[in-house]
Amino acid sequence: MDSIISFFSDHLLMIYLLIFTIILGFEVISKVPTVLHTPLMSGANAISGVVIIGAIILIRQAQPDDYLTLSLGLIGVVLGMVNVVGGFAVTDRMLEMFKKKVKK
Amino acid sequence: MDSIISFFSDHLLMIYLLIFTIILGFEVISKVPTVLHTPLMSGANAISGVVIIGAIILIRQAQPDDYLTLSLGLIGVVLGMVNVVGGFAVTDRMLEMFKKKVKK
Amino acid sequence: MKLGVLKEINDTRVALVPEGIKKLESTGLTFLFEKGLGDTAMFGDELYAVHGQIVDRSLLLAESDIVVSIHPLSDAELKGLKKDTMVIGQYQPFMDQDITVRLQSLGIRGMSLDMIPRTTLAQSMDVLSSMASIAGYKAVLEAARLLPRYFPMMITAAGSLKPAKVLVLGAGVAGLQAIATAKRLGAQVEAFDTRRAAKEEVQSLGAKFVEVEGAADDTAAGGYAVEQSEEFLKRQRAEVQARATKSDVIITTAQVRGRKAPVLIDAETVEQMMPGSVVVDLAASTGGNCALTQDGKTIQHKGVTILGDSNLPALMAEDASKLYSNNLINFLKYWMKDGAMNLDLSDEIIGGAFFTAERS
Amino acid sequence: MKLGVLKEINDTRVALVPEGIKKLESTGLTFLFEKGLGDTAMFGDELYAVHGQIVDRSLLLAESDIVVSIHPLSDAELKGLKKDTMVIGQYQPFMDQDITVRLQSLGIRGMSLDMIPRTTLAQSMDVLSSMASIAGYKAVLEAARLLPRYFPMMITAAGSLKPAKVLVLGAGVAGLQAIATAKRLGAQVEAFDTRRAAKEEVQSLGAKFVEVEGAADDTAAGGYAVEQSEEFLKRQRAEVQARATKSDVIITTAQVRGRKAPVLIDAETVEQMMPGSVVVDLAASTGGNCALTQDGKTIQHKGVTILGDSNLPALMAEDASKLYSNNLINFLKYWMKDGAMNLDLSDEIIGGAFFTAERS
Amino acid sequence: MLLESITDLAYLVGAIAFVWGLRLLSSPDSARKGNILAAIGMAIGIGATFFVKVHTGNETTPNNLVWIFGGLIAGGGIGWVAAKKVQMTAMPQMVSIFNGLGGACAVVLGLAELNNALSDMGGGAFFIAVLALVIGGVAFTGSLLAFGKLEGFIKDSTIRVPQPQLFNFVLLAGIIASAVYAFMHQTTDGMTWVLVLLAISLVYGITFVAPIGGADMPVVISLLNSFSGLSAAAAGLIYGNNIMIVGGILVGASGTILTVLMCEAMNRSLVNVLIGGFSATGGGAGTGEDGIAKEITLNDLAIQLYYSNSVMIVPGYGLAVAQAQKVAKELDDLLSGNGVDVKYAIHPVAGRMPGHMNVLLAEADVPYPKLLDLEDANSALPSTDIVIIVGANDVVNPSAEDDPSSSIYGMPVLKVWTAAHVVVLKRSMSPGYAGIQNPLFFHD
Amino acid sequence: MLLESITDLAYLVGAIAFVWGLRLLSSPDSARKGNILAAIGMAIGIGATFFVKVHTGNETTPNNLVWIFGGLIAGGGIGWVAAKKVQMTAMPQMVSIFNGLGGACAVVLGLAELNNALSDMGGGAFFIAVLALVIGGVAFTGSLLAFGKLEGFIKDSTIRVPQPQLFNFVLLAGIIASAVYAFMHQTTDGMTWVLVLLAISLVYGITFVAPIGGADMPVVISLLNSFSGLSAAAAGLIYGNNIMIVGGILVGASGTILTVLMCEAMNRSLVNVLIGGFSATGGGAGTGEDGIAKEITLNDLAIQLYYSNSVMIVPGYGLAVAQAQKVAKELDDLLSGNGVDVKYAIHPVAGRMPGHMNVLLAEADVPYPKLLDLEDANSALPSTDIVIIVGANDVVNPSAEDDPSSSIYGMPVLKVWTAAHVVVLKRSMSPGYAGIQNPLFFHD
C-alpha cells in the first residue's frame, strides 16, 4: 500500500501526463471518418514502432562483448525499424488516394 | 543559460504536461459552435477562478496574527469565490436555453 | 412477307411510324403503307415512301400478309383479306367476345396487343401501358382546361386562391400518370384504388392515398383488379361521395378487365360538386366510372363538366403513335426473323397475344 | 350612391363577384346587378340577390351612378347613361385614343383599371397583372393541349421521348407565369425579353434566358418596355428564328404600351418549325407577335398551330372574375368612403386611372 | 503521506473534471453537464485544499479556518446572487466582472507572495510571482473597463489614448523595467517597485481595452479571460499546485483559441480587433446562392433555430434569384424533424409575378398548409421565435407602416419586427424593386 | 548536461509531432501531412537517441554504433521494400505484420531487461518489464495470426479453441501466476519462469485471435495495435524514456478508441466482436427514407464518393417510395460541386408507371442532360467509379442476362456490375416487382 502511495506521489506528474495523453489520444481520434480508419490504424501502428528507441538504447548501453544483449538489441532494432519504416510507407501509400483531387 | 537548461531538465515532465494541456485546450475547443462561444467563455472564466485555491493556501499558511496576509488572503478568497460561484451559476443560466428541447 | 400499315379511320394515330421501321430489317419484312396514313400524326407520306410502297387501302388489304392497325378492322374489310393473313392491333377479345370465332371462321389469324401479359419482360410491347400513360397525362390537361379555376395555389395581391383538389380513382398506369401530372401543376391530389400495392404507388408520387377498408385482394389476378363485393363498393361510393363534393376535379380510370367498369360516382354525387368542377372519365368506353358519363362526349350536368373519353391518346397523335409503333416493333421482332414467323404458343407473350390460336 | 355591375357581352367573366361585396360596406354603396351576370363564371343570381337588386340591363344603365364592367361599354350604351355617371372598366385609353373625348363630350367620367400605375403599392388593384398571370398559365395549358407531343421527358419501355422545348417571348407577368407553368409540366423553357431585369427574373424561375445583345434600355419607362431599334429587332428576329425552328411551343407576350405589338415571328420562321408545333400569341389583340396570328382564331399553317388570343382569362372565368373583382374592390375602397368620392388627382393611382379628368 | 496522496488524487480528479467539462461545454447537447462537471471539479479542488500540506513555520497553526470560510461564504453568496439577479442581456458584462475579480485574486496572491518572501526569492520564483501580479492586474482593470463599456457607464470615446500602440509599448517597457529594478533591489526597496509595477499593470489593462469598440468587447473579454487563466497558472506555480497550474493553463489555451474563433466568426483577425479599434467592417456574406447556403449552414444560427419553437421563413425575390427554395425546404425539414414549427409567410407581391413564391415553394415540395398569407402571417408573427427573411425587402419594409413619405406607405407588409428575432439573408443592403431603403435592416 | 537538454527537447518535439500527426491523420485533407509529420517526429526521436546519456558501466563504450546502424539499415530496407511491393488489397495484412514486429521488439526489450537485471529488480521495474513482455508477446503472435487469416494461409476454422473464453481465462491466470513465481524466485530460476511467461503470452495471442472471423479482423488488428502501443509505453518506462512513453500511450489510447469506432461503424460492440466470434449480423440500415438519408450521409461512402471521378445514380421504385429524389439531388449537387461527374441511369421500366423516375427527378430539378437512358447508361457504366442504386431491383438484375430460367431473362437491364463499385441503398434484401431475387445483392 505504502509503496503504491509513494509511487503515486513520486510519479504524480508522470501520471498527469499519462492521463492527459490518453485524453488527448481519444480527443484527437474521436471524429475520424470511417474511410480513414485503416490509414489511421496504420499510422498509429508506425508510431508504436517508437519502441525501437528502446532497442537502440539497449545496444548503446551494452558492453561490446555482450553478444547476447547486442543480438537481442539488433533483433529489436531490425523489427522496430521494419515496423517504423514499413508502417509510415504503407500509410503514405494508403493515403495517396486522398490527394488526387482537391476542391476545384 | 545554465539555469535555463537546468530548469528545463528539472521540470521536463511539467513542461510536457503544460504543452499537452495546451494542445488539449486547443483540441477540446476547436470545434465549438458560435452560439456556445459566450457560455464557453463564461465556463472557462469560472474555471480560471481556480486561483482561489492559492488564496486558501495563503490563509492556511499564514500566522494567525499576520493580519496583512490574512486580509490579503481573505480578499483573494472572496474575489475568487465570486468568480467561481458566479461564473458557474451564470454559465448555467446561459445554458438553460439549450435544455428546453431535445430531439423528440 | 408483306406487312401493311393501315390508316386509322376514327383516330389521329398511326400504328407504325417511319422512325423505327429500320429496326425491323432483321424481320425480313417488306412494307405497304396506306396513303396518308401518318398525316394526322405529323408523319407525311414522303417519310414512309423510303421504306416501302404507298398504296390504296383496298390494294393494301388484298396484298398484305400481315395487316397492322390500332383499332380492329371492320368485319367487311376482314372478309377482303387473304386467307391466313395475320391481323395485329388492339382487338380486345376480352370485350368483343366473338371476334376470335369471326376471325377463325374467315381463316384469319389475329394477334391482339392488348392481350400481351403485363410482365416486366413484356413491358416494351405493352401498348396498354404506353397508351394509358398518355391518357392519364391528357386527362389532367383536359381537366385543367375545363376547370374555371387555377390548379396551383396562388397568393397574389388580388387575393389568395386555394389549390385545386384533384381526386384520382383507379391508380393504374393512367391513374398514376394523372396523379403525377396534376401534382406537377400544383394541385392537391388524392387517389383511390382497390389494389393493395396501389397505396404505396400513390404515395411514391407524393400524393395522398384514401383507403377504403375491406377491399378484396387481388394478388392472384396478375396485377389486374378483381371485382369487389357489393358492400365494399357501397362504402367506397360513400367515401368517394364525401371526397368528391370537395374536389374540383375527378379523374376516373378504374377498370376491371373484361367487364363493365365499376360505377364509382353516381349522379347525386356529381350534383353535390361545386359548380365548375370537372369529371374526366377514362373508363367511358366500358360504361364509365361516373353514372352520367357519355362515351366520347363532354356534357354539362348542373354546372359540372363531365368528359367521357377512353381515347385520349388520339389527342396526342404524334407521341402516341411513336410509342405504339415502338411497342409493335418490339413485338414483331420478338417472333419474326428473316421472314419467318416463330409462333411458340407456349411463350407467355406470344401465347397471350395470339387470340385466334387454339389454346392449350 | 348606386353601383351597377354589368353582365359582359363577349366574355365569361364578371367584374364583381358576390364573395367580396361585403368588403365594400365602408364605401356606402348600394348595388344593382344585371340579370344572369355571373352565370358563366359560376356565380348564380341568388348569390348576388343578397347584396342588392337584380335588374335588367337597361334599368341598370339608367339608374347607376357608377357602372362597372370589364370590357368598355358600347358607344350606344354610353349615351344612355346619366350625366356625371362614372364608368369603370378596362377602357384602354392608350389603345382607343379618343375614348376620353367621347366620354367627356357625354359628360361621363371614366376610370380605366388598366391605367393604374404598376407600382408596388397599386398591386392590389392591378388588373393587368392578375389577368396576365391567368393568361400565361392558360397559354401553356392550351399549348399542351394542342401539341401532339408530351411536355415532360419520358424514358419508358416504349422508347425515350425528349422534353418539349418551350420558348417564351416577353417575360412580363404573363410570360413569367407561362415559364413557371411550362417548367412545372416538365418542358425545357427558354425565354426572351428586352428589359434588363428580365434576365434575372427568368432565371429566378429556373428557366434559361436567351439574350440578344444591344437592347435599348428601359429603366426610365416605369417598367414598360420601350420600342427597340429596327436593327435590334432584326437581330432579335434572327435569333428567334434560330430558336423557334427548334422549339415545340412558342408563347409570345411581348407588348409595347400604346403601340402595335412587335412582330417577333414571321411567316418564314413558322414554316421552319417542326410540324405539330404550337404558337400561342397573347399579343393577338394588338396585332400579334407572330406575323400569321389572327386575333381570336386558332389557325393551322403548314402543320403549325397558331393560337391568337388576348383574352385567355375568359377561359378561367371563375378565378379570373374573383381576381378582377378583388382588384376592383381594392380600387373602390381606395377613393370611396361613406358614399363620397374622394378623387385626389394628384394621387398617382387615382390620377392614373381617371382618364377623363383634365391632367396637369 | 496518505493524506497528501489523497489530496493529490483529488487534484488530479479535479483537473480531469476541468478538461472533460470544457470538452462537454463545447457541444450544445452536453454543455450544461460540462459546466456542472467543471463546477464539481472545482468543489473537489477547493475541498482538497483544506487538507493540503502547507509550509507554515508553526506546526500547530489552526489554519485560520474562520477566515477561509468567511471568505468562501461571502464570496459565494455575492457571486450566487449576482449571477441569479443579472438580466439575460447583461450576462457578458457579468462574465467580464467575474473575470476581473479572478484576476484581482491572482494580483493579491502575487502581492502576498512578494511581500512575504521578496527578500530571499530566487529568480524563477520572483518571475512567477510578478507574472501572476502583472497578468492578473491587466485582466482586472481590463475586465472592469470592458464591463463599464458594455454597461454603458463608460462611452467608447470617454477614454482616448493618444497613439495607443506606442503608449502601450511604453507601459510594457515600464513594467519590465520596474520588475528588473525590483528584483535588483530585492532586499532594500523592492516592494515599492513591486507596487509601481502593479500600478503600471493596472493602467496597462485600461489602455489595452480603451481603444476597442463595443461590438468587439466579447472578444476582448475572452482574451482577458485567457489572461486570468494564465495568471492563475502562474499563481499555481508559486504554490506548486497542480490543479491551479493545469486549470489555469487550460483556460489560457482554450481562452486563446476561443478568442481566435470569435474573431473568425466576425470575419476579423485578432490583430485587427486589438489594433483596429473601431472598424467598420460588417458581417459580409458571400454572394448569391453561396451566400445563402453559407449563412444557413452557419453553426450559430442553426443551433439558435434548432432550439426555437417556431420559425417563419419570409421568401422574397432574392430567394427566387438564388433559387434557394430547396435550401429553405431542407432547413425546414431539418427543423421540423426536431419539432420546430416552421411556416412560410407569403406576401402577395413577393417576387416578380403573382404567385411567384407559390411556384417555387411548390417546386421544393413545401406542403400548402405551411404557407401563410399576409393576414395569417401577421397574426402568427408576434408569437414567432425567429423570422428568416430570404431575399425579401419591400414586403417587410416597415416604412409602409410608419413613413408617410415612402412610396409604399399604406401597403400592408409582413410585420416581421413583431417577432422575437429576425435574421435577414441577402447579398447586401441594397433596396428591392420599389427602390426604397428598408429601415429594418438598419435596426440591430 | 546541455546535450541531455537537447535530447530532452528533441524528444519533446518528437512527442508533439506524434500528437499533431495523429490529429492531422484524422481528417482526409490533411492525413498525408499528418503521416509525414509523425514520421519526422520518429526520425527526430531516433536521431536524438544516439545522444542520450546511457548507463553503461564502462564510460568508454563505443556505443556499438555498427550494430545499431546495421539494424536500422536492414530493418529500414525490409520495411521499405515490403511497403512498396505490397498490393493495395493486402495492406491490412501488412499493417498487421508490421504491428506484430513492433510487439516482438517490445518482447525483446523486456527479455533483455529481465535477463540483465532480473536478480536485483524492484517490484515496479519487474512489473513494467513483464508488462512489455506480455503485451508485446500477445501483440506479436496475435498479429501474425491475423496476418495469416487475412492472407488466407490460415482458415478461420483451422485453429479451433474449445471453450475459448474459459481457455483464455486459464492462460491469463497462468501468465499472472508465472509472473508472480518468477518475481519470487528472482535470484534463482526466475529467468526460466520468465520464459514460461513469455510462452504462455505467445499462446494467448493466438487463442485470443483464433475465434474471431474474417470480417472482424481489422478490428482485432486495431486492438492489437493499441496493445503494441502499450507495450512500447511499458518499454519506455523501463528506460524512463519520455518519447516512448508518450508515443506508446498515445497509440494505446487512440488505438483503443479507434477500435471502438470501427466496431460502431460495423454496428457491433467490441465485446460482441471479441466474444461473439463468427456472428451473422450484417450491416443493417434504418428503414425507408431514414435508411437512405442515413446511408448517404455516412461519412465513409461520402468520402469515397467525394474522391471519385464519376458517379451514376440508379433510381428505382424504392426511391419513389422513400421520396428520396431530393436527397439524391442534394448528394448530386454536393458531388458536382466537387467536380464529380454525376449522372442518373433511368431504366425504361423503373418505378411503377412509364416515366416514373422522370417525374420524380424533374420534381427534384435534376437537369435533363443528366438523365441517361438504358443504352447510354450501359455504355457509360464501365467507366463509372461508383454506382449508387437507390431502391432499384429488377432493373439491375443480372439474371436478366445470364439466367435463362429467370422470368425477366432477355430484358435489357442496367449492367451496374460493369462499374468499379456498386452501392445498394434499400431496406432489405427483398425482391422487387417481378418477385425474383437479385443475385447482385449477394455478391460482395
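Each chain carries a letter (A, B, C, D, E and F) given by its place in the written order, and its residues are counted from 1.
Definition applied: a residue touches a chain if its C-beta (ideal position, glycine included) is under 8 Å from a C-beta of that chain, and two chains touch if they have at least 3 such contacts.
All values reported here derive from a predicted model rather than from experimental measurement.
Undergrad: Give me the set of chains touching chain B intersected with the set touching chain C.
TA: E, F
Undergrad: What is the shortest path, in steps, from chain B to chain E when you may only step between chains that touch?
TA: 1
Undergrad: Which neighbours does chain A have in common with chain E?
TA: A chain counts here if it touches both chain A and chain E, which gives B, F.
Undergrad: Select the chain at the greatest separation from chain D, using centres from the mean of Cα atoms.
TA: A
Undergrad: For copies chain E and chain F, work out whether under half or over half of the interface numbers are shared, and give different or same accordingly.
TA: Homomeric contact, same residues on both sides for the most part.
Undergrad: Could you tell me which chain lies farthest from chain E when each chain's centre is the average position of its Cα atoms?
TA: Using the mean of the C-alpha atoms as each chain's centre, the farthest one from chain E is C.
Undergrad: What is the distance in Å between the mean C-alpha positions of chain A and chain F?
TA: 17
Undergrad: Counting in whole Å, what is the centre-to-centre distance of chain C and chain E, each centre being its mean C-alpha position?
TA: Computed value for the inter-centroid distance: 69 Å.
Undergrad: What is the distance, in whole Å, between the centres of chain B and chain D, each centre taken as the mean of its C-alpha atoms?
TA: 73
Undergrad: Provide the C-alpha centroid distance between chain A and chain B, rounded to the nearest whole angstrom.
TA: Using C-alpha averages as centres, the distance is 33 Å.
Undergrad: When you check chain A against every other chain, which residues touch at least two of them?
TA: 13-14, 16-17, 20-21, 23-24, 27-28, 31
Undergrad: Indicate the residues of chain E shared as contacts by at least two other chains.
TA: 19, 23, 246, 348-349, 354-355, 359, 362-363, 365
Undergrad: Where in chain D do residues touch at least two different other chains?
TA: Within chain D, the residues that touch at least two other chains are 123-124, 129-130, 133, 152, 154, 156-158, 184, 186, 206.
Undergrad: Dump the list of chain pairs that touch, please.
TA: Result of the pairwise touch check is A-B, A-E, A-F, B-E, B-F, C-D, C-E, C-F, D-E, D-F, E-F.
Undergrad: Could you please specify the touching residues of chain B with respect to chain F in the complex?
TA: Spelled out, the residues of chain B in touch with chain F are 2, 5-6, 8-9, 12-13, 15-16, 19-20, 23, 27.
Undergrad: Flag every residue of chain C that touches chain F in the complex, lowest number first.
TA: Touching chain F from chain C are residues 119-121, 123-124, 129-130, 133, 136, 173, 176-177, 180, 184, 197, 200-201, 203-206.
Undergrad: Please name which positions on chain A make contact with chain B in the complex.
TA: Checking each residue of chain A against chain B gives 13-14, 16-17, 20-21, 23-24, 27-28, 31.
Undergrad: Under the touch definition given earlier, write down the residues of chain B that touch chain E in their complex.
TA: Going by the criterion above, the answer is residues 3, 7, 14, 17-18, 21-26, 28-64, 68-70, 72-104.
Undergrad: State the interface residues of chain F toward chain B in the complex, per the touch definition above.
TA: For chain F paired with chain B, touching residues are 1-2, 4-5, 8-9, 12, 15-16, 19-20, 23, 242, 246.
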